[in-house]
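There's a structure below that I have some questions on.
So that you can tell them apart, the chains are marked A, B, C and D in the order they are listed, and the count of residues begins at 1 in each.
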Amino acid sequence: MNDAMPKWADILLIPIINLALALFVSGVVVALIGENPFEALRILINGAVGSAYGWGYTLYYATNFIFTGLAVAVAFHARMFNIGGEGQAALGGLGVALILLFVDWPHWSLGLLAAIAASAVFGAAWAAIPAWLQARRGSHIVITTIMFNFIASALMVYLLSKVLLVPGAGGSPETARFAEAVRLPSAYDIAPWLGFSRSTPLNISFFVAMLAALGVWLLIWRTRLGYEIRAFGFSEPAALYAGISPTRIIMIAMLVSGGLCGMMAVNAVMGEAERLVIDSVQGAGFVGIAVALMGRSHPVGVLLAALLFGILYQGGAEVEFEIPGITREMIVVIQALVILFTGALDNMVRMPVERLFLSRRRQPVAPLPKDPTHPGGNPDAGKVEP
Amino acid sequence: DAHSSPGLIIDLGGKFDKSFNESAYNGAQRWVEETGGEYAETELANEAQREQTMRRMAERGANPVVVLGFANGSTLDVVAPDYPDTDFVIVDMVVDQPNVKSIVFSEHEGSYLVGMMAAMASETGTVSFVGGMDVPIISKFACGYAQGAKAVNPEMNVIVNMTGTTPTAWNDPVKGAELTKSQISQGSDVVFAAAGGTGIGVLQAAADADILSIGVDSNQNYLHPGEVLTSMIKRVDNAVYDAFTAAAAGELETGISVMGLSNDGVGFALDENNEALVTPEMIAAVEDAKAKIIAGEIVVHDFLSDNTCPAY
Amino acid sequence: MDLLTLLQLFDSSLRLSTPLLLACLAGLFSERAGIFDIGLEGKMLASAFMSAAIASYTGSVWIGLLAGIGASLVLALVHGVASITFRGNQLISGVAINFLASGLTVVIGEAWFALGGRTPQLEGASRFHELMLPLADPLRGIPLLGPIYSDVISGHTIIVYLSLAMVPLSWWVLFRTRFGLRLRAVGENPAAVDTAGVSVVGLRYAAVLICGVLCGIAGAYLATALSAGFVKEMSAGRGFIALAALIFAKWRPWHAMGACLLFGFLEAFGNRYQSLELFGADVPVQLMQALPYILVVLILAGLGGKAIPPRAGGEPYVKER
Amino acid sequence: MTQSDTSLAIELRGISKAFGPVQANKDISIQVRRGTIHGIIGENGAGKSTLMSILYGFYKADSGEIYIGGKKTDIPDSQAAIDAGIGMVFQHFKLVENFSVLENVVLGAEDGRLLKPSLSKARKLLKQLADDYEMDVDPDAIIEDLGVGQQQRVEILKALYREADILILDEPTGVLTPAEADHLFRILEGLRDEGKTIILITHKLREIMEITDSVSVMRRGEMTATVQTAETSPEQLAELMVGRKVLLRVDKTPAKPGAVVLEVENLRVVDEQKVERLRGIDLTIRAGEVLGIAGVAGNGQSELLEVLGGYANGTGTIRVNGQPIDLTGTASDARTRRARGIAHVPEDRQREGLIMDYRAWENVGFGYHHDAKFGSGIFMDNAALKADCVAKMERFDVRPPDPNLTAKNFSGGNQQKIVLAREIERNPDLLLIGQPTRGVDIGAIEFIHQQIIALRDQGKAILLVSVELDEIMALSDRIAVMFDGRIMGERLPDQTDQRELGLLMAGVTGAAA
């Protein structure tokens, strides 16, 4: 029972111990390959959050993960496991590229709105077929979304190396650069006084991501539709009893999920690369799964988990840059350990800590249970009601 | 100035990809050994780090900053103007900025030569190619190879396969081997791999089946002595070495530099591992063609010029 | 398509489906016991690395195989500790294991061999070689059956035969032994097993470890039979395809074999017919490369029918909350 | 003192158990004599199941000692309990649903590594046991295809197969028809006469009085009394249990039927396996009356409720207040049924009636979440839901009255009250209500019955489906008996008896005369 512990222990103490354990084990690995773990940690933290420069990258990465994490989370609420984020985000990139290359937008703001719409529509479209197959044909969404990732990458290679390729651009499979008019304001343009440099990839899409998080929160916890999505996710027979159509919920949840994945492209393709390159998603679809799971499918949790991964990505890049002995794969190891300890091995810390608190405040007789509890398995667990 | 040390940014394929990046790394190492100099080096971990890393290198004072691979082109185009005092060198791509030296290789010409050798070594009349991904730069290899093979024998059958469409296509020796086996079953007895880590599987499968293979980028003849016909070498190492050396002397020239047959930027590898495989006639024919290409008597079609290939 | 091509396709399918089949059966044991495992990929990769590393170090592929299995078992144990002992989220644990394997193989490999995470090339006794089955040559002359026996069935490494033998064996273990009955029961209703006096934890660990062994063989097959050494990320998504095959097979061994052979065949077909001309137009390579995946989707859509996973799957067994 | 009286089959001393902050058992001691049937009663959540689960090694007690046959015995897990000769039939069966009966019986008690010999040996033994105790079950049937009564037999056979001397049954009759319950009691008596010891948990005082030799009462985790059955009365037990006097009969005035509310003609339902579940049902309910549907579970009652509730496909005619309902739409138009004034208390509150992971306040809007009073536009008004929940909890005496508590943390009786509150307070024209008091304790049953009658007296039509004949007889104004998807006949409660209804339930019509 969660109420065995005060709330602060639940949402602060436990994650911090978990993180410390993950970093400790990572430190051991770093030490084993002959590098100084304390130095590495210092560079990691400093590099990620110690300067405007670091924040510029950390938040840029986090923005991607917010989109994909929210996407996976929304699907989770309807008990759909959307592994197709990679493909949906890739298609979102295609949508952004097409709408920006083939339409002349007079101003970035219009371009941004168009890109949001296009990326969401393309991403949603790529999720629509697996969703429909799941809803109507019972084809397992996990298989179909995995397959659609592969199909998407084939489609992207084809389009980028055969169709959208700029002639004479040296053969790099990428589209032309988008027009200067649709360059999104970067953190430097918006808030130079914060010390962001011209090159910071953080851009206005960050706010789009925050809005998306707010939107997801409203959708899931404040709308009738969200109520239905969660109800369906918890119990399909009960949903039927209540007049909730499974097909409708599966389709909507997956379309929203695909749309959110697609919107990642607004940040990565429109905001950062300013052209569509091959494999523009860079695994963010998969990271989104970890983010959603660790964030327990709640937007606030997703924001925090995305930030954590942003820190690991940016801080990791700095460590790799500063310490030649630490390679990029070492960073992957650290990420893995963080996921392992904060996500999968959560109870290893939680159980003893809970017992500790409990032994201090066991009630003599408690005739009836008192507080809501959330067992670990469901996506609603540990939700934060602001 | 001559006091700042050069920087090298290894691309996503990784420092030890046994081909392109590794070759660059070797060039840098050679420079270190010969001059005792120091240089900064880092490896990209993802797409978004391109710009970040270039800027970091420049801001840290590295000069010149060497970046590898076509994928850096449009990024460098944006970054270079911000650091007018830093020289950049980009390999495999042309970037039109005053402080950028663009080094491009005539891979199609080198591939043409190994294609000729493949055709001459083939007994079945079928040779093959395994590429990583069906992107133009790989087609440039494939197309040059096919032209060379058909130059020897217009009836030559050239099978061209690509490994995949995801990033794992460059690291899938299993699939590389399977493609090779499939090509062998279609009659191929010489296979040319331009597929990064996947190529290791290609060369292995060829060696296992006792047919010949052709390595790429760096000299891969040693991988299976006596079974690798040759390697289409692309002297990225020289490019990096030269850039480092020139910069140290303060003589780095920006602009486009084409590394082709004439300046030994590309070529085929001959060493003790393959001397038994390469006949004098082959060498004669290939040297002849090389001379003609340099002289402009033979024009090898560059796939990148129009994204088509006349040979297949 | 002539007979010879067809036989070659089957031959290739068999090789390509072997790692899938092993991983798929691995997942079958784990998921039948109620532990979902999206970490098949990571375990395969870890084994691929360790088997190649140790095979190259000792010169013996068999020791390499054992080492590969050992590496896979370590990760399986991590998954077990996280999802059984500490009742963690099985999906998160699987994701973590995939990342861990992907990073650690290169970090260790680089520290060990300094070949960029690659292992040295394997030769001779440090690799699995193809076996000629008895009478393969003399029988080749018999029409149809001869070539099928000699060219398709014969001429694979021992692991291919092992993996095929694993299918009836898995079926037998799961459906004909006490252990299998209990294992399936624990994936359907652990409380039933618990109240029947059998340890849920013990059974689930057993299942997870079997999964580790099979993934270990699959990984070793990639690195020491299909290729001759480890290359980073060489599992190349096969663990996910195996997972798809497992769901496709509705968690049944013979169906798993069918699904993996089908996936293998589709890949072999895609390899063989990369450049195809249809109605006078070139079919893009990418379409041919995506074909296996498109076909899987179409087959699934056509077959319909819900794949109902083991009922207690994915949920930790919690008596007291 | 580590020895205890050897005439005692079981002795528990000072057992305590806490789940997190909840003290489920507190210092409980109990003695059960060999060869007797001992009853345990107590309100929902009193700790009965927990205590027995400790005895069976399912949970581990925090403190206390267990003596079996006079010997101090450690029971760390169920295997130890089985070894000590204890068998238990859980309130929620512990069966593997897609295994056969035989497989379930041998699971954990196989004798040998291979299945085949164990199974064939078990088949013989099972047949023997089934014959001895007249518990006919098909050993090859798959559990999920069996009715609950049959499933329960499997559980009992499981225990007997393991040669249990002590048999614990946790609310075994909650899901049985009277005939099945009677049969079960005969079996239990037979077992007792063989010298076996039986512990029976139930909410039904009639059963306690009928079959037990002694009875213990639990309240809020504590053992409040143990008495000889012969020396007590239902009224006294009820009072001990609830802590106040309980009305054990339903008081109601004769019905005053009004206009026809529901008309059903030739209603048919074919399920996914293409089995015809309803074979042409005709019925009518008027305002202000309760139509009770009696029948053995699985004879189409569930399908009747589902198709009327709007989430099963059927053919035929349904008219509500004279207006026909379109049956051709998709299965998911339960929402339009609600709009037509039909409310539905489903048979299975945990599976259908509630979202177990939703808080109470979220559940009070379930199915009605599109109502204007619960929000505007696309948004839900959570504050309105909470306020509504507080009010409903107050009126229906839901305990604890905490709208933020998750549904699964309420006891069965209180879960049922939440569902009832939601459906009744909507003021429907027609209330469909299935198994309203299944597994609910006496105090709550009394309350629920009062609510149903009150609704009837407000002039509403009520369709009551229950396997409890007592309940059907007590609440209905007319009784229809269902068998095999058909209505076998209709009776008035004061003109029939349990025997006649029982025959109809078995499909025997001739006896109606």
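In this text, a residue touches a chain if its C-beta (ideal position, glycine included) is under 8 Å from a C-beta of that chain, and two chains touch if they have at least 3 such contacts.
Computed from a predicted model, the values in this text were never measured in an experiment.
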Item to check | Pair with more cross-chain C-beta pairs in contact, given A-C and C-D | outcome: A-C
Next on the checklist: Report the inter-centroid distance (CA atoms only) between chain A and chain C in whole Å.
Outcome noted: 29
Checklist outcome for this item: CA centroids of chain B and chain D: separation to the nearest Å works out as 75
Checklist entry - In whole angstrom, what separates the CA-based centres of chain C and chain D? => result 46
Next on the checklist: What's the distance between the Cα centroids of chain B and chain C, rounded to whole Å?
Outcome noted: 34
Item to check | Numbers and ranges of chain D residues touching at least 2 other chains | outcome: 19-20
Checklist entry - At which residue positions does chain A touch at least two other chains? => result 1, 150, 154, 157-158, 162, 327, 331, 373
Next on the checklist: If a residue has to touch 2 or more other chains to count, which residues of chain C qualify?
Outcome noted: 117, 232, 237, 285-286, 289-290, 321
Checklist entry - Chain pairs in touch? => result A-B, A-C, A-D, B-C, C-D
Checklist entry - Residues of chain B touching chain A in their complex? => result 41-49, 51-53, 55-56, 70-71, 73-74, 79, 82, 92-94, 104, 133-137, 140, 165-167, 303-307
Checklist outcome for this item: chain D partner, complex, touching residues on chain C are 175-182, 184-185, 188-189, 191-199, 311, 319-321
Checklist entry - In their shared complex, at which residues does chain A touch chain C? => result 1, 29, 32-33, 81, 83, 129-130, 133, 137-140, 142-144, 146-148, 150-151, 154-155, 157-158, 162, 286, 289-290, 293-294, 327, 329-337, 339-340, 343-348, 351, 373, 375-377
Checklist entry - For chain A, which residues count as touching chain B in their complex? => result 57, 60-61, 150, 153-154, 156-158, 160-162, 165, 167-174, 177, 197-199, 201, 268, 272-273, 275, 277-280, 282-283, 313, 316-317, 320-321, 324, 327-328, 331
Next on the checklist: Touching residues of chain D toward chain A in the complex: what are they?
Outcome noted: 18-23, 26, 45, 220-222, 309-311, 330-338, 344, 346, 348, 351-359, 362, 365-367, 369-370, 375, 378-380, 382, 399-400, 402, 404-406, 409, 411
